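In order of appearance the chains are A, B, C, D and E, and numbering begins at 1 in each one.
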Amino acid sequence: MDELLIIKNLKTYFYTDEGVVKAVDDVSLRINRGQTLCIVGESGCGKSITAMSILRLIPDPPGKIEGGEIIFEGKDLLKLSDDEVREIRGNKISMIFQEPMTSLNPVFTIGNQIIEAIMLHQKLDKKEATKKSVEALKLVGIPRAEEIINAYPHELSGGMRQRAMIAMAMVCNPTLLIADEPTTALDVTIQAQILDLMRKLKEETKTSIMLITHDLGVVAEMAEYVTVMYAGKVVEEADVIELFKNPKHPYTLGLLESKPQIHIDKEKLYSIPGQVPNPFNLPKGCYFFPRCERAMEICKEVMPTLKEVGNGHKVACHLYGGDNNE
Amino acid sequence: KPSSNQGSSDNKSLNKSQIEIIQATNPEKLPQVARDRKDTLIVGTTAPNGTFNPIYSGSLYDSWVCSLIFDGLISNDAEGNPIPNVAEKWDISEDGKTYTFYIKKGIKFHDGKELTAEDVAFTFTAICDPNYDGPRTDAVMYLEGYEEYNKDKENKVKEVKGIKVIDPYTIQFTLTEAQAPAIWNFGYGILPKHYYVFEKGNIKKLKDLFLKPMGSGAYTLKNYKPGAEVVFEKNPNYWKGEPKIKTIVMKVTNANTVVQELTSGNVDIDAVGKPEMVELIKQAGFFNIYSYPSNSYGYIGLNLRDERFKDKRVRQALMYGLDRKGFINAYYKGNGQVCNAPVSPVSWAYTDEINQYEYNPDLANKLLDEAGWVKKEDGFRYKDGKKFIIHWMTYTGSKYVESLIPIVKDNWGKLGIEVVPELMEFGTLVEKVYDKREFEMYNMAWSLSIDPDPSGIFSKAQDVPGGNNSVGWVNEESEKLMKQGLTEFNQEKRKEIYKQWNKLANEELPYLFLSYNKDNVAVSCRVKGVNPSPYIDWTYDIQNVEIVDVK
Amino acid sequence: MNEVILSVKNLKKYFPIRSGVFQKVVGHVKAVDDVSFELRKGETLGLVGESGCGKSTTGRTILRLIEKTEGEVMFEGKDVYKLSREELRKLRPNMQIIFQDPYSSLNPRMTVGEIVGEALIEHGMANKNTVKAKVEEVLEMCGLSSYYIKRYPHEFSGGQRQRIGIARALALNPKFIVCDEPVSALDVSIQSQIVNLLCELQQKFNFSYLFISHDLSVVKHISHRVGVMYLGSLVELADKKEIFKNPIHPYTKALLSAVPIPDPTLKRERIILEGDIPSPANPPKGCKFHTRCPYKMDICKEVTPEYKDIGNNHFVACHLDGR
Amino acid sequence: MRQYITRRLLEMIPVLIGISILIFVIFQLAPGDAVSAIVDPKTSAETKAKLREQLHLNEPILVQYKYWVMDILKGQWGESFYYKQPVSRVINSFIWNSFYLSLASFLLSAILSIPIGVLSATKQYSKFDYIFTIFALIGISMPSFFFGLLLIKWFAVDLKLFPVSGMTNPGSTATGFALFKEVMHHMALPLIVLTLGSLAGLMRYTRSSMLEVIRQDYIRTARAKGLREKVVIYKHALRNALIPVVTIFGMSLPGLFSGAIITEQIFNWPGIGPIELQAVNTRDYPLLMGINMLLALLTLLGNLIADVTYALVDPRIRLK
Amino acid sequence: MQTVRSVEAKIREEKILGPWQLAWIRLKRNKLAMLGLYILIFMVLLSVFGPMISPYNMETLDLSNISAPPSLSHPLGTDEVGRDVLTRVMYAGRISLSVGIVAVLISVLIGSIVGAISGYYGGIIDAVLMRIVDIFMCFPFLPLLLMVAAVMSDYKIHPNYRIYVVMFIIGILSWPGLSRIIRGQILSLREQEFIQAAEALGLRDRRKIFRHLLPNTFSSIIVSATLEVAGAILTESALSYLGLGVTPPTPSWGNMVNAVTDAYVFQFYPWRWVPPGICIFITVMAINLLGDGLRDALDPKLKH
């Protein structure tokens, strides 16, 4: 298969006053050309940080990429010079950030911020770029796009900002689109529209998409491959159909269970008991162990590793594979 | 006996030895810039105001401008004697009230018109104008008919009675009272009537022409850049002969950079303040330095209305108890001397035969004891239960004051007197001292005129708010002597009178006299004919000044 | 059901549009255009609608965080817009808001402990000594461990920040909360936790919620009634069951059909809305939805449909009226 | 906005009137007057009284104020006691010299301090940052006369690169470009002194507000777009960091005309700074009133410009 | 389970630290800031205790030993009337440090409060306060200060106490600028959502202003404070020209440095002005280091 991005053993740590936060700890991923990879996981498990590590946008200090490789089109991004990375940013890899409000510069108009990217990477003149950005805004479903390009971020609703971000990221037809919860602020019709758009982009330009989301509905619709993270580690990964049909890790099970479904009425939603562990003081064994309903003795002591359990389905849990026998 | 003064008098009282000239040692070090400036003389100055009119000029620097452009009836020589200028000669009547001036024929203003008695009359009448707001009023106040002319705003009185044009070359002034120094009122430059002429009351006309002055002087104004420079061009038809230097520039300099300006050759003539700077100029080697006592003195004024200071012994004690010599050595470093009477050593009225008040703390203590000020165990003196504290008002921004304060505090502290200095801006101090008279002690300096008459400062008439006798010294004997001095026209006799008066002042101490300082003027060795001394500056006989080549 | 706690009548909020160097007003965005509804004690009103249709603005104008343009908001019988600043301030703990954008609503220079705790102290609900315990309690309720108490907002992930915002609102024990997309940034496990928490609190203390969300499945789970907004106005409002079973307005129908289902094998028919999305600055004449409506009739272009009860407490503004 | 500006301009009228009264009263209350400042044994008490009458100094404040207002209404600003010339002419003959110097220094310090401030912020705690911090602190903690004298010694006396003082060569008659060159030559040293003094403030403000801004999310977004670091910093970050700097710019407007007393004095720059001080010393109220009213007007304008600029720099700010 | 619990229990024992306590902890870690603090403390100690230890009095003069270069008995030489420069420098520190610090405190206090109130409330309050600021900025301070000086002398206020008035005046002189800077920032800050959030919480205005808005303007305040310390120390000597500064023979750094206006002193008696100059510089430097450290300590995003 044609691999576009391979992340090997990525480690991104934050050095804070209280101690080291291992936000991303030994994460490996791969995305093929034209593939959509979804990352799901507990909030705070390191999804966004993984994504930002790819573009080397970790705030330093306090953050630091401590190890690993990020191979994009055969080159290790972590070894490139700043200029080379800049060439890739926004052009080959673009990113939609999670916080649309603070991610837009408050003193420039929306148009200004989109046009800038177009002019930079597509070498268009201002007029064409403006036209293109209006189109992009229309594509993401923003009404009165001609006016909105002259509006400032604070004048837009949350969803509109989000769409502006999306437009900005997609306008340059990237090879890899990293979308960090791109549709959380959007209503379902727009969400559908955006997802459609992303799909189209993928089909037309063979763009690969790394989609971070916690909406399992979106995952089901978009993903080809899914990675589940917990506390800075990958705990399960599989083909999307395989995963939904056959979830293995107790955390994944919990996630699927928790989701309210429009067709099913429940008195009370299921929720995984307990808390996300303290990042400064992670348990010795499996990080999920304190909350796991199927925890065993070994889970307390030994960190499970990611293992293939068939069908390209990998899981890091002592319940599967040989480790649990000991 | 009133005399007809012509030429320098027989009086040579200005002690020539007071003028010290340090000759240039290395004229060859003259910088190239100066060598290249063949027909231009650059004189350093403080910025003139631009009131280029002899009856308005306020500052010394404006008066320099005026003396280049205008000529007065009379002038003065290096010894401080009146000498003829536009007036070839003059007569003073028996009663000393009438002055008749005979004007030299053929003197031309810059536009070629001749200078006549009409112009002189015009000039002095202008000062009498009801709307005149310049500083020369004192020159005409004693003219007959001044009040009538000046008070009349309806334009009924057309002339001042005391100004009479006899013929085009003769003019007569009549005064209401005879005063020996009155001759000095006739030195101001003469304005051409046809150029400046104005309706009575419309004095604004003069002001409009401040920057376009026209007189009969050796130079004409070419360019004035406020705050920067004044440029003069020679008047080739000058009646005393064509000036030798084509262009004169008065360039603004300041105390901080004057040494740099001089030594780099940018400026030919400038005054240098401190002895250290003189030293630097001397090292430069291409300046002749003229160093002489200035016509001024510094003093401490005690409010004689204050009971404590009414007692002469206290004043004397304070005088004896102050190490004035120490102060002067520290501050002036040989560039000043101790003052014991209110007259400058350059004046013909100066005398040495007075008490020198050498530093003598023991005597001071004795005098204070006698005066009833008792030293208590805390080291301070008391009288009637009151501690001897002097609040001393002085002014800010002066290094002189800053050096004086610690010495006074220290010296008098040793006598048992606490001194509390209080600094204020000079204008504030002046108001407190002269207008309000709210002070115990202050210090200032007087800059004197050529005539040694002290009545402008010490007379009883000046002991009014706004008057110059701020300390309130009223002494019958002094009044009598001053009056005598004013009405005596014979200089020898006047000298004797002022000797007595100075002795009295030295004994009575209306002020605690402090110091005389010296003026130092550096003149580039390439300039010939400039010989500054206490009474004459570089503009004197400017037509004879020349620039010479220096090897 | 219980008494009415909040009643909104003909609420309007227009934002001026400015342009040029001199910032002249060239028009108005009709963000909220004549919205009326009531909310009872212990009730949750879900508010859904297109993004930018004015949901957040409605929520904020109700709380008088931004000034209304017109209309009336009665909270517990008091007109919010007639209160003095001080009275309003005293009333604040009773009505809270969870902000849509968690990060920008958190002061970057305050620790989580302070953010959550300060209002408690301010309103006398806790003192310096007891505040910590309270804050910890609320944080844990919202799924944040107490060891986060000393950290600053920027050190959190998006979902964690959202929970801080929720904790901040809940700490005050308000009677009424505007929940502006409180769970959209949360992962499902936390989402369920929060939703459960909100329900629990409601049962326990009879809270009322105005629950703004895009996630119809969550709305369906939590709400009693659901309102659908389009371009500043309510187009449909009915009981939850009613609206999900029997949606009348074409927009509502489109919305429901677009909900993603967490089942990758399932492929559904969607109503895809076409046509231009109109601008709130210049809403179309007649029915605002007519530019995109698959069932539009001639009348829709001309006449604004009346917002009326078609029985069963089902309000709708459509010329079709479901018949 | 237009409304806002008009309103503010209208508001300025009463404020200026108020200020003029205030200034006038203060001048009257300050000790001493133009006549008492004359200390000369040749000037008698009578002459002084006469002068006071001539200058209306004896009359009550209100009457004097009336005279002043009447002069203003006549289109001139009264006559300077000291210069005996119309105030407007006196001001006019000095103020432009100050303006040229101050403007040059303002531009130079803006051109230098903003990039330095930005670099100091982006390279916080680097050698560059330290060097310029120290430089800035030296700039503000050393009096300007010290620098002035030092520069004169080095560059004018020892190296003879620049003239010691003045604005043109003595007796110069240059015009046009030659004059410009001459003035620039004379301006160099005072310009350095002035710039050094004002550099520090702007630089430190720029640095600190840059530090705030460069950690914002939108800077990350800008980087993610692949913008060059220069664009990220100078376009995206700087614009946001400018708000406090704009205030300082606005506040420096009157400074452009008020002149720098000490620097102008040391270099004999024929500016308005020493003139104002002299006017205080000689209690030349008409002149002081003129200068102060002019500066008041400029202050108000500067603040207005700053306020309007805020709204242009930061669209979130609403002016009401 | 166990481990997690115990860790949580341990953490729970800690108090919620206030922002200042946190800042202090972080400040202590910043070596440069601490260096600044130590220097400042050293300068304070030097000026408080230095004169007591010195064998000379700041007023003792010695006319036989004027402007003497540094020697063993006078480590920094003597001045124009033979006083010991070192003693005077130390003594001057008392004046200059207190003028610098007190004046800046006053200015920062008034400036930031007025700026914050004005920016936060806007409308009429802003208009009125800013007009007051305008008026303050238009004030003819030279004549006003002359007046103040004259009034003080009329009321026979002892010259030694005038320095307090001077501190106050310098403070009053400089607040309007700061207040405009602060206001400018608050204008932008108050439009941010967290202020709406604070409003929703029903916080009092006071709290919103002082806890939410002002801390976000800290870096400007600190920069302006450090700049002003130097300004105040030097302004004091300029004020003495108007009769408001300290009265000789009491020294202040500003006054001593002023000796350099004399071209000769500048060139030949460096020991008379270099030491006070260095003192000013070091103090300003120290305050700046401390200020920078404090700013970083208070900026949560700059944690290390």
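The rule is short, and it goes like this: a contact is a pair of C-beta atoms (placed from the backbone, for glycine too) under 8 Å apart; a residue touches a chain by one contact, two chains touch by 3 or more.
To keep track of the chains, here are their UniProt names: A = Oligopeptide transport ATP-binding protein OppD (TC 3.A.1.5.1); C = Oligopeptide transport ATP-binding protein OppF (TC 3.A.1.5.1); D = Oligopeptide transport system permease protein OppB (TC 3.A.1.5.1); E = Oligopeptide transport system permease protein OppC (TC 3.A.1.5.1).
Everything numeric in this text was worked out from a predicted model, so none of it was measured.
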Min route length, chain touch network, chain B to chain D, equals 1
Starting at chain A, what is the smallest number of hops through touching chains needed to reach chain B?
2
Comparison of C-E and A-D by number of C-beta pairs in contact, larger one:
C-E
When the mean CA coordinate of each chain is compared with the mean CA coordinate of the whole protein, which chain is closest?
D
Inter-centroid spacing, chain E versus chain B (mean Cα positions, whole Å):
47
Whole-Å gap separating chain A and chain D, where each centre is the average of the chain's CA atoms:
54
Roughly how far is chain D from chain E, going centre to centre by Cα mean, in whole Å?
23
Residues touching two or more other chains, restricted to chain B: which are they?
256-257, 260, 425, 427-428, 432
For chain E, which residues are shared contacts with two or more other chains?
7-8, 11, 146, 150, 191-193, 261, 263, 299, 301-302
Contacts with two or more other chains, residues of chain D listed in rising order
31, 145, 149, 153, 215, 217, 280, 314, 316
Considering only the defined contacts, which chain A positions touch chain C in the complex?
14, 16, 18, 21, 40-45, 47-48, 98-102, 141-144, 147, 150, 155-160, 162-163, 181, 184-192, 195, 214-221, 223, 240-241, 244-245, 254-256, 258-263, 265-266, 268-272, 275-276, 278, 280
What residues on chain E touch chain B, complex-wise?
59-61, 63, 66, 80-83, 146, 149-150, 153, 156, 158-159, 240-243, 245, 247-249, 261-264, 268
Which of the residues in chain D end up touching chain B in this complex?
31-33, 36-51, 54-55, 79, 82-85, 90, 93-94, 97, 145, 148-149, 152-153, 156-157, 160, 163-168, 170-171, 173, 265-271, 274-275, 280-283
Can you tell me which positions in chain B touch chain E when the two form their complex?
255-257, 259-260, 274, 276-277, 280, 323, 326-327, 329-331, 391, 393, 395-397, 399, 401-403, 405-407, 409-410, 420-425, 427-428, 432
Quick check on the complex: what are the chain E residues that touch chain C?
7-8, 11-12, 14-17, 19, 22, 192-194, 196-204, 207, 211-212, 215-216, 218, 298-301
